[in-house]
Structures are given as structure tokens and as C-alpha cells.
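Which chain is which? They are A, B and C, in the order written, and residues in each are numbered from 1.
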Amino acid sequence: MAWVWFHKFGSPPHFYRIAGRLTPWLAWPALLLGLAGLYGGLVLAPADYQQGDGFRILYVHVPSAWLSLMVYVVMALSAAVGLIWRMNVAHAVAASCAPIGASFTALALVTGMLWGRPMWGTYWEWDPRLTSELLLLFLYLGYIGLRNSIDEVSRADRASAVLAIVGVVNVPIIHYSVIWWNSLHQAPSVMKFGKPTMPASMLVPLLLMWLAFTLLFGALLLIRARGQVLRRERAAHWIREALA
Amino acid sequence: MSELSAHNLHLWRGDTHVLRGVSFALQGGQCLQVTGANGTGKTTLLRALSGLAQLEEGQVRWDGAPIARDLGSYHGALAYLGHDNGLKGDLSAHENLRFGVGLRRSVSASAIDAALAQLGVAAQRDLPLRQLSAGQRRRVALARLVLLAAPLWILDEPTANLDSAGHTLIESLLHSHLDAQGMAVVATHQPLERLGERLRGLQLS
Amino acid sequence: MNAPATPLPAAALLLMRRDLRLALRRPGDSLLPLGFFLVITTLFPLALDPDLSQLRDVAPAALWVGALLSSLLALDLLFRDDGQDGALEQLALCGQPFAVLLLAKAAVHWLLTGLPLVCVAPLAAVALGAPYAAMGGILSAVLLGTLALSLIGAVGAGLTLSLRRNGSLLALLILPLAVPVLIFGARATALAIAGEPAAAPLYLLAALAVLAATLAPWALAAAVRIGLE
């Protein structure tokens, strides 16, 4: 039974419809949770005794960083599904993930730099998290670059799927090697924040923001993927009915 | 007896629907001649039959089994000649063949020399392929075809760069191949009527 | 059923001998990456202070950046010729497991472009101020590192097989993946120069090489098949 559902979801007209219906269910909660989280984080939570109000940027930085990684995993998984089961929709999803993931990564980098300015005095430090995010950005750019340079859509899908799978295996390796490298030189890492020591008033808005970002990713993904599916299937019959 | 069959093959190149439901069945001792204007997908069809190009829909079957299931073993029965000869310019004709055939089965130096002689390039045996003319290189590629002794031949414009003597040569090679119950899929505009009732045609449009 | 009569190891050896013979007929091609490595190593003292004790600190960075960049340059040699004259296609069609044949090609490629680096890097290190005692550790590190880099690079070369000669895309694809090799390799080199045991990063490098050897065959075969379409 699950297979029937799986293949149905993989059929472009079904995906187009279901994705269209799901999007508001993701977008509105994302907006509401985001507003709640921002209010909780920017207004309600007490100022950190060490960093003052500057730490509040973590409410955007941490979810972005988390999502930049999660999006890569989703991208690699859907690319693998597309490769193994030859599902066009899965490839469309993978293609849609890339710019979203790259944006989250860039956001994490920028917010990280903005956080760093009052903390370290400079915009850039070779902090393990920032360096990791930078390398992840390069991985996304490489994926997008490879896709763009192959004209034939089906070949671009499959080649970038191989790249995404190789990349996802490497992401933890790169991440840990950067942490290892950084620990050797004992550079100060302002970004570590002990999870158990965070009071609820700080933690709750963070969780809300994380949830909001995840839902936002879902909504953006569905919107982009629908557009991708439309473009790929533009010669097919069901398009006319769907757009009528 | 072996059979090559294609079932409703569809292939797109970008927006172009290149192969539109191509189907055929070919038995041992038969030759399928694929014709069509430039750009109608002859090369694409041959590459799809060889397993080099992926099909959107449809199946190619060898002896009833889809080739995708055991591509290695299908390739063991196939000899493909494309637009490029697949030979190294820095190696001699003899070295090229010793490698190209040796990957599949062991072959003696005398067998290689005999094949080169049959194709009329025995004198060029030890010259680097770079120094041979395009027609001579094509003949070396045809010698590899003969030596591989594969039951299925897939040839894409085999007569490219060949003179009329070469055309005759290809016809006689096909004759002996079909006589030995081999089969061939050939994309060419060269008339092959002399193969008689062993010849089937497929026109792409 | 129709399996090739030639056993796989014999076929792989045949391919390796062919590639070696081809390389020997064009020796210049294989020596280019080595020359490039030496040039880069020379640039560092020119850009900095020629004082050996100061160069010693930069030596790990210079060696490994040089090794990475010359591996990148060397990748051009791996599939370019075979891709252009149709020989790669014939390899895909010969009936032998394609992944193994590609791995054999990558092995010869390493012998021709990576092994010279392994031999020269310790000497280059000494030229940059490293003590003679460090040569052994540096050799091991560069040996493991170039093995891993060859495999990672081969996958990148396979993915960009049919594209217009665009070295920058290949660099963008490979360099992030090569960062762990750089980190562990440079660390092992620095420890060797300082006279301290370099076992930890060397083991990590070995692990990377093993991981690459496990993942690369699948990725290579998949990438090159896609590129051949």
C-alpha cells in the first residue's frame, strides 16, 4: 500500500496538486510561529549577562545553520530517490532544494558575522561553525554550478544526484575535520552555547524559530518544486487542465 | 537462437521527442538497416540499443530478458562501432587490437595479423594510428569488430571515410556475419539489398 | 552466459599496461603536474622571507596547497583522451565491470601524477626548512593524501566529463571535498617538522583514503556513464 502512495506522489500531476494544497498549511504556521518566536526572543527573553543584547541574533543564526544542513540532507535523499526509482518529481525536489539551502547557508554566515562583530571585534574569525558553513556554501554552489553547466535536464539531474550523494557523505567528515582543526589552535569559539544551561525563556523562542524555519523551508520547497515540475512537464497534457 | 527486441522505446533530448515508440524484433541471421534524415535519432537509437543512452520509456531485450538487468553480460555479446573509432592514436594498429579484443577474449598475434590483412591494412600493422588515414583507421576499427566475434553488431555509419572498396568490404563482412547466424543493426544509407530477405528496414522520421 | 572470457584481473592489468604505454609515449604530459608543484613551492619563499626558520612554519601549507592544486591540474589527463577518441565508450561496452576498469585507470593516473609528488614532496619540504628527520613522516602523509585526492578528483573529473573544458567548476566541486585531506595532511606535516609523533592525523588520512576507495568505484562508474550519454 505504501508503494502505491509513493508512486502516486511521484506522479507529476498528483504532486502538483498535493503540493499546492499543502503549501498554505506550512506557510501560515511558519509565519505565526516565526512571529511568536521573534517576539519571545527579541522582546521577552532576558539579555544575556555576558553578551548583552547582541546574542539575540542567534534566534536567526541557529535555525538557519541547522536548516542549511538539513536541506542538504533532504536534497541528497530526494536526489537518491530520483536516481534509484527514476522519478522526475524527486529530481525536481532536489533541484529546488539547492537555492533554498544555499540561501539558508548564506543567512547563517551573514548572521554569524553580525554576531561576531560585537563579540570578536572583527566580522570574520575562522570559527569552526562559520568555516563549516562556508564550505557547505561552496558545496551548494558546486551543485548548482554543475546543474547549470549540463544542458540536458535528465543528465543534469543524474550527475548532480551523484554529486549530492558524494557530498552528503562528506558533509559530516568536513564538519568534524574543521572542528578538529580548530581545536588544535585553541581559537576562541564564541558560538558554543551549552544546551542544558539555556533557561526556558531563551530556549522556547529558539525552538519556535527552529520550527518556523523548518515549516518555511517546507513551504518554499513545495512552491519551487511545483514551478520546477511545471517547467519540466510543459509539453504534457495534464498541464492545461491543472492550470485551467 | 538469440533475439534482440525493442519494445516501445521513447527518448527525449531536452524538448525533442527523438525516439517515438520504436519497436522491432531481430533474429539471428538478420540485419536491421536503420535509415532516416539527419537528426531523426539514428545514433540515439543505436546508443540506446547498446545501453549507452538511457530511455525514458520502453525496454530493449536480449533473448527475452531486459538488458538493464544484466548489462555486463549483454555487452559481452555486443560489438559496437560508433562515429568515433575508439582507438588510440599513439598505439599501433596491432597494439590497439591486442588491447581492444584482449579485454574480452585472448587473441593470438597471428589472428590479429590475419584480420588486418582481411581489412587491407596489414602493411600499417606497426605504425601509430595517428599516421594512418581516416579510412585506414576505420578499417582497423572494423578489424576489431571481426576479431571480437560477437553475435550482435551495432554499427553507426560504418562506411564513414571509406572508399567504394571499403563499402564492398563491409557488405561482405555483413554477409559472413549473417551466414554465421550473427545479427546486425546498421545505420547507413549504403544500399544493402544484396542481403536479400535477411534484411529488415526501419525508417526513423 | 555471455561473460567475457578474459578474467577481470587480466583485463584490468591489460588496461593499466595500455595506459602506462600511452603515458610513456607522451612523457611530457605526466610531468606537467610535478613541474607545477615545484613552481608553487618556489613561489612561497619568493612571496615571503627566504629565512628557512620562518619558511618552516609555512612549509605544511605550501606543500599541501601545492599538492591540491597540482592534483587538480593532473585530473585533465585522466579522461580527456579516452573521452575524445571514443575509447572510454568502448571500455563501457567491453563487458567487464566498468567500475573496476575505471579504478584501474585512476590507479595508473596516481602512479603517473601522484607518486612523483610523493617522491618530491619531502625534498621540497627540506627546501622550505624542514629537518631531514621529517622526511619520512611527510612522505607517508603525502602518499596517503595523494591517494585520497586522486580518487576524489576522479569522481569530479567523471562528473564534468562532457562539459566544455572548465577547470573552475572542477575546482569548485573538488576543493571543498578535499578539505579534510588538506587539514589532516598539513597537520601531519607540521608534526613531522616539529619532530613530534604524527600518528593521529596519519591514521585519519588513511581512513579518508579507505573511505574514498570504497565510495569512489560506484560514484566513478555512475558519473562516467552519465557523462558518456
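The working rule: a contact is a pair of C-beta atoms (placed from the backbone, for glycine too) under 8 Å apart; a residue touches a chain by one contact, two chains touch by 3 or more.
Everything quoted here is computed from the prediction, not taken from an experiment.
A.B. asks: Looking at which chains touch, is this a line, ring, star, complete or other?
C.D. replies: Graph shape here is complete: every pair of chains touches.
A.B. asks: Measuring from the mean of all protein Cα atoms shown, which chain centre lies nearest?
C.D. replies: Here the chain at the core of the arrangement is C.
A.B. asks: Among the chains in this structure, which pair is joined by the largest number of C-beta pairs in contact?
C.D. replies: Contact tally peaks for the chain pair B-C.
A.B. asks: Per the centroid of Cα atoms for each chain, what is the distance between subunit A and subunit C, given in Å?
C.D. replies: Measuring from centre to centre gives 32 Å for this pair.
A.B. asks: Please tell me the distance, in whole Å, between the geometric centres of subunit A and subunit B computed from their C-alpha atoms.
C.D. replies: So the centroids are 48 Å from each other.
A.B. asks: Which integer distance in Å separates the CA centroid of subunit B from that of subunit C?
C.D. replies: 36
A.B. asks: What residues in subunit C touch two or more of the other chains?
C.D. replies: Residue numbers touching two or more other chains: 229.
A.B. asks: What are the residues of subunit B that contact at least two other chains?
C.D. replies: Counting only residues that touch two or more other chains, subunit B contributes 54.
A.B. asks: Can you list every residue of subunit A that touches 2 or more other chains, as numbers and ranges?
C.D. replies: Residues 152 of subunit A touch two or more partner chains.
A.B. asks: Would you tell me which residues of subunit C are touching subunit A in their complex?
C.D. replies: 155, 159-160, 162-164, 166, 169, 172-173, 175-177, 179-180, 183-184, 187, 204, 208, 211, 215, 219, 222-223, 226-227, 229
A.B. asks: Please output the residues of subunit A touching subunit C within their complex, sorted ascending.
C.D. replies: 83, 135, 138-139, 141-142, 145-146, 149-150, 152, 155, 158-159, 162-163, 165-167, 169-170, 173-174, 177-178, 180-181, 184
A.B. asks: Where on subunit C is subunit B touching in the complex?
C.D. replies: Residues 1-6, 11, 14-15, 18, 21-22, 25-26, 81, 84-87, 89-97, 228-229.
A.B. asks: Show which residues of subunit B lie in contact with subunit A when the two form their complex.
C.D. replies: Spelled out, the residues of subunit B in touch with subunit A are 12-15, 54, 56.
A.B. asks: Spell out the residues on subunit B that touch subunit C in their complex, using ranges where they run on.
C.D. replies: Its residues touching subunit C are 47, 50-54, 70, 72-78, 80, 82-91, 95, 99-100, 102-106.
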